[in-house]
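In the two assemblies presented below, subunit A is common to both, partnered first by subunit B and then by subunit C.
Showing the complex of A and B:
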C-alpha cells in the first residue's frame, strides 16, 4: 500500500481521537457544539478517504450522510435547544478536568493495547482504524459518565456513534443499508432525546441529571 | 577545524540575534496594536545601558544572588550553542542531545527560582513558586515531546533528527501533535502572553518579572539577555526539528552556509511574527488556568507517543 495514503488515513483517524479528547474538557455549551461539528466533519473526511483507498463508492454516501446529519443538522438543532433552554453558562463536570483527561488517556492506551493484541493478523489499515474507533467509543462513554448536563451527555452519545461509524468503514464489505439505518436510528434517538430534554426541564426546572437522582431518593 | 569555526560562528550568531528577535517581536506587536513601538534595536541599547549602570544589591543577598545571573546566562547560552541553527556540522554535535538541552534549560530555571527566593521578598517567593508549578507540568510535557520525536527519528541527537526530517518528509500525526505541544511549552517557558505577560509588572499575575524584580545593572542585563537567548533557543529548536529546510550539511561549501544563514533568518522572523500574531489574538489566562493549558501539551505529547504504536513503522 502507498505510504502517504496510509499516513493521511492515520492522521484523520488520529485527529478524530484528539477531537474526542477535546470534547472532554470543553466547559462551554457553544464551544462543545462547535467541536462536535468539527468531529463530524473530520469523520466524514476520514470515511471519504477510506472510500478512496478501498475503492468502495458506497462509502461516499456514508460520508455525505455524516456530513449532512451530524455536522449540520444535529449541531444546529442542539444549538437551538440550548438557546431555548437558556443554558449558555458554563457546564460543570463531575470530576475535575485533570483526572478526566488522565482517564481519557488511559482509555486510549487501553484500546490500543487491546486492539493491537486482538487483530495481530489483520490488514494494518483496518487495524489502526479499529484501535482509533474503539478509543473514540470509549471516550464518548467517558464523556457521558463525567457530564451532569443532559445536553453534553447527548453530545457524548453522538461522538460515541461517530466512533462506531469509523469502525464500520474500516471493516470491508459493510452493506450500505446497515449504515443508512444506523444513521437514521441515531437521528430518531436524537429526536427522542430532544423531547425528553424538554420534559426533564419542564418537571425539574433544570437539565442537570443529578436532579433525577434526588427525585429517585438517592443521596449524593 | 571547520566545525570549530562553524561552532564559534553559531555561538556569536545566537548572542547577536537574540536581542534582535526580541526587538522585532516588540515592534511587530506594537504595530499590530496600532502603536508605533520602540525601534527594533532598542533591546541592544537597553542591555548596554544596564551594563553601564551600577548594580544595587540588597543587604542580605548571598553569593548566590550575585553569581546566579551568570549561571543562568551560561546554561542558556550553552543550550543555544547546541541547537543547529544554520548548519548541522558543529563541534558539539555529539552532545546536541534533546534531553541535554532540556536539562540545561531546566537548570537555568532552577537557578532563577533560587535567586528569586534569595533576598526573601514576597514577590520573589510568589514568582519562584509559580515558576516551579508551571515547570512541574512543562518539563514532563517536554520529555514526552522528546520521546515522540526520538521514537520517530530513531535518535535524540538534533542533527540526526534534522537529517531524518529532511530525508523522509511525510505527514505523521505524532509529529504534528509534538509540534503543537512544543509550541505550547515554548510559550509557557518564555513567559509569553497566555501564561505570563512580559510587558507588565502587575503583582497578581507576574511570574518571570517577579523573580527578577530585585536585580539591577549588569545582573539584570545578564538575565534579560538570557531570556532573549531562551526565546531564540525555542524558535531554533522548533525550526531545527520540524522545518530543517536550508540547513547547511556538514562540510558544505560557503554557499551552503550562506543559504543556511539566510534560511535561518527567515525562519526566525516568521516564527517571531507568528508568535506575535498568536499573542495579540488571545487574552492572558488566570494563573490557576495555566495548568490546564500546559496539561494540553502533556496530553498531546502522551497521545503522540501512543499513536506511534499504531503507525507504520511499528
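Showing the complex of A and C:
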C-alpha cells in the first residue's frame, strides 16, 4: 500500500477523534451544532477516502449519505428546533470541563491500548482505523453521560454513530447491507428523536432532560 | 407433475416474515377498532401456524435466513405468545378506547406497530447474517420505543426517552461488536458476505482471530445485554414496562428480552467454538447472578405493580443468563425450559395485571387490595401466576429452577448458594406483595371488568401441565438444543 494513502486515511480518522474531543467542551448550542456538522463532513471525507483506496465504489454512497444527512439536514433541523425552543444559551454540563477532558483522554488511550493489542495480525490501516473508531464511540458515550440537555445527548449519540460508520468502512469488504442500514437507522432514529423532542416541548416547554427527572424511578 | 417436487413460491420461512409485514401495512390504512383488532389476532394466528409448519419441514439455509434447532424454539415461542397477547390486546385496547386513554388515530398506529414488532423479532431470530440480525433487533427496539410512549403522559414520555437512549447505546455497542466479529472472520472467510453468515462463521469458528473475538464479545455482551435487561444496564426496563400499554409489557418481557438473549447465545456459541478465545461463560454467569440478586432486593421497594413484575423479569433473565453461562447439557436444558416457562408465566401475569389495573383504575400496589374477593377470576389468576413465577411446585418454573440449582450445586456449590439466596429474596418479596394485593378487605372499584380470560388461563394451564408432566418429544427436543448449545 502507498504510504501517502495510509497517512491521509490516518489523518482523517485522527481528525475525527480530535473533533469528538472538541464536542465534549462546547458549551453553546450553535457551536456544538457547528462542530458536529464538521464532524460529519470529516467522516464523509474519511469514508470517501476509504472508498478510493479500497476500490469500493459503494462506499461513496455511504459518504454521500453522511454528508447530506448528518452535515446538512440534521444540523439545520436541530438549529431550527433550538431556536424555536429558545435554548440557544449555554449548556449545563454535569461534570466540569477539566475532568471531562481528562476522562476523554483516558478513553482515547484505553481504546488505543485495547485495539492495537487485539488486532496485532490485522493489516495496519484497519487496525488504526478501528482504534480511532473505538475512541470516537467511547467519546460519544462520554458526551451522552455528561450532558443533561436532550439536544446535546442526541448529538452525542450521532457522533457515536459516526464512529461506528468509521469502523464499518474501515473493515474492508464489509457487505453494503450494514452501511445502508446504518444510514437508515440514523434517519429513523432522527425521526423518532424529532417526535420525542416535539412531544417533550409540547408538554413541558423544555428539552432539559432533568426537567423530566421529577419522576424518579417510582410513581408515588 | 410429481407432488414432492412442487415448491410453492412462498415457503413457510418467508411466510413467518411476510405475513406480519403485509399486515402492518394493511393495519396502517385500516380505520376502526373492531376490524383492526380482529385482523391483528388473525395475522398473529397465521404467523404462528407458519412457524409451526417449520417444525415439520424446514427449508435449506440461505445467505440471509435459516432455521435450525435453536432458533425454531425461539420462533415458535415468540409467535405463540404474540398470538395470545394479540387476543388479550383486543379486549384491553377496547377498554382503553372506551375510557379515552387512546384515540382511534393512535390505535391504528398501535396495531401497525404491533405487527412490525412481530416482523422484526422473527427476522432477528431467523437471520443467518449477523448484520441483518442487528438491523432486526434495532427495528424491534425502535418500534417498542414508539409503543411505550403511546399514552403521551409525562411518565410515558420519560420512560420512552430513557428506553430510547439506553437502547440505542446498547444497540450501538452491539454493532461495534458485530463489526469486530467480521474483522476477526475476514482473514479466514475472505471479504464480503461469507464473513457475516452464521452458518459459515460457526463452521470456521476455530480459525477466527481470538483476540479480536474477545474484544467483540465484550461489546456484544454489553450491547445485547442491555436489551436483555441485565444489571447494571437494566435501567430502561422497569420504566418501559410500567408506562406502556400492558400488552406491550407482556411482549417486552415475554419475547423481546428472549430475542436479545438469543443473539447473545449465538455469539456465545461462536466463542465456544474457538479454543483460543476467552470462555464466555464466566462473564454471563457473573452478570446473570448480579441481575438476579439485585432485582431480588429491588422487588421489595416497588409501589407500582407493573414495575414490580418488570423487576421480576430482570431477576428471571438473570437466572436464564446464569444457566446458559454455566453451560453443559443439564444447565442448558434448565435454561431453555426456564426461558419458555418465564415467557408464558410472565405474559400471563401481565394479562391479569392489565385487566386488574383497568378494573381498579390504578397501578399502585397500596390501592389494590382483596382482589380474590372483588374480582375472583382475575384475582385467582394472578395468585396462580405469582405462585408460578415465585417458583413453587407443581408449576413449570419450579422444575426449571430446580434443574438449574441442582446442576449448579453439583459443579459450583459456592455459586449455588448465592443463586439460592437470590431466589429466596425474590420469593419473599413476591409473596409479601401477593398477600397484600390478593387477600384482605377489597378496596377501590369492585365493578366487573370486561376481560379476556382465555389467554391468561391458557398460559397458566400450559405452565401447570409442564410442571406436572413434560411430554417425551419436548424433552428430546430441548435435550437436542441443549447439546447444541454446548
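Throughout what follows, the second predicted complex is superposed on the first by the 216 of 220 C-alpha atoms of A that agree within 3 Å, B and C clash if a C-alpha of one lies under 4 Å from a C-alpha of the other, contacts with A are read in each partner's own complex, and residues count from 1 in each chain.
The criterion applied here is as follows: a contact is a pair of C-beta atoms (placed from the backbone, for glycine too) under 8 Å apart; a residue touches a chain by one contact, two chains touch by 3 or more.
Only a predicted model underlies this, so the values are computations on that prediction, with no experimental measurement involved.
Residue contacts after overlaying the shared chain place A:60 against neither subunit B nor subunit C. Shared-chain residue A:14: touches subunit B; no touch with subunit C. Using the contact criterion defined above for the overlaid structures, shared-chain residue A:105 touches subunit B, although it does not reach subunit C. By the touch criterion defined above, A:30 reaches neither subunit B nor subunit C.
Looking at the superposed arrangement, the partner reaching more residues of subunit A, out of subunit B and subunit C, is C.
Contacts of A:153 after superposition on the shared chain: subunit C is touched, whereas subunit B is not. Residues 115 of subunit A are contacted both by subunit B in one complex and by subunit C in the other. Residues 114-115, 117-122, 126, 130, 133-134, 137, 141, 144, 150, 153, 157, 160-161, 163-164, 167-168, 171-175, 177-178, 181-182, 185, 188-189, 192-193, 195-196, 199-200, 203-204, 209, 212-213, 215, 217-220 of subunit A touch subunit C in their complex. Against subunit A, the residues of subunit B that register as touching in their complex are 170-174, 176-177, 291-292, 295, 299-300, 302-303, 306-307, 309-312. Interface residues of subunit C facing subunit A in the complex, by the touch rule stated above, are 129, 131-132, 134-135, 138, 142, 145-146, 149, 152, 154-155, 157-158, 160-161, 164-165, 168-169, 172-173, 175-176, 178-180, 182-183, 186-187, 190-193, 195-196, 209, 211-212, 214-215, 238-239, 242, 301-304, 307, 363-364. The part of subunit A that touches subunit B in the complex is made up of residues 3-4, 6-8, 10-11, 14-15, 17-18, 21, 25, 97-98, 101, 105, 108-109, 112, 115-116, 124, 127-128, 131-132.
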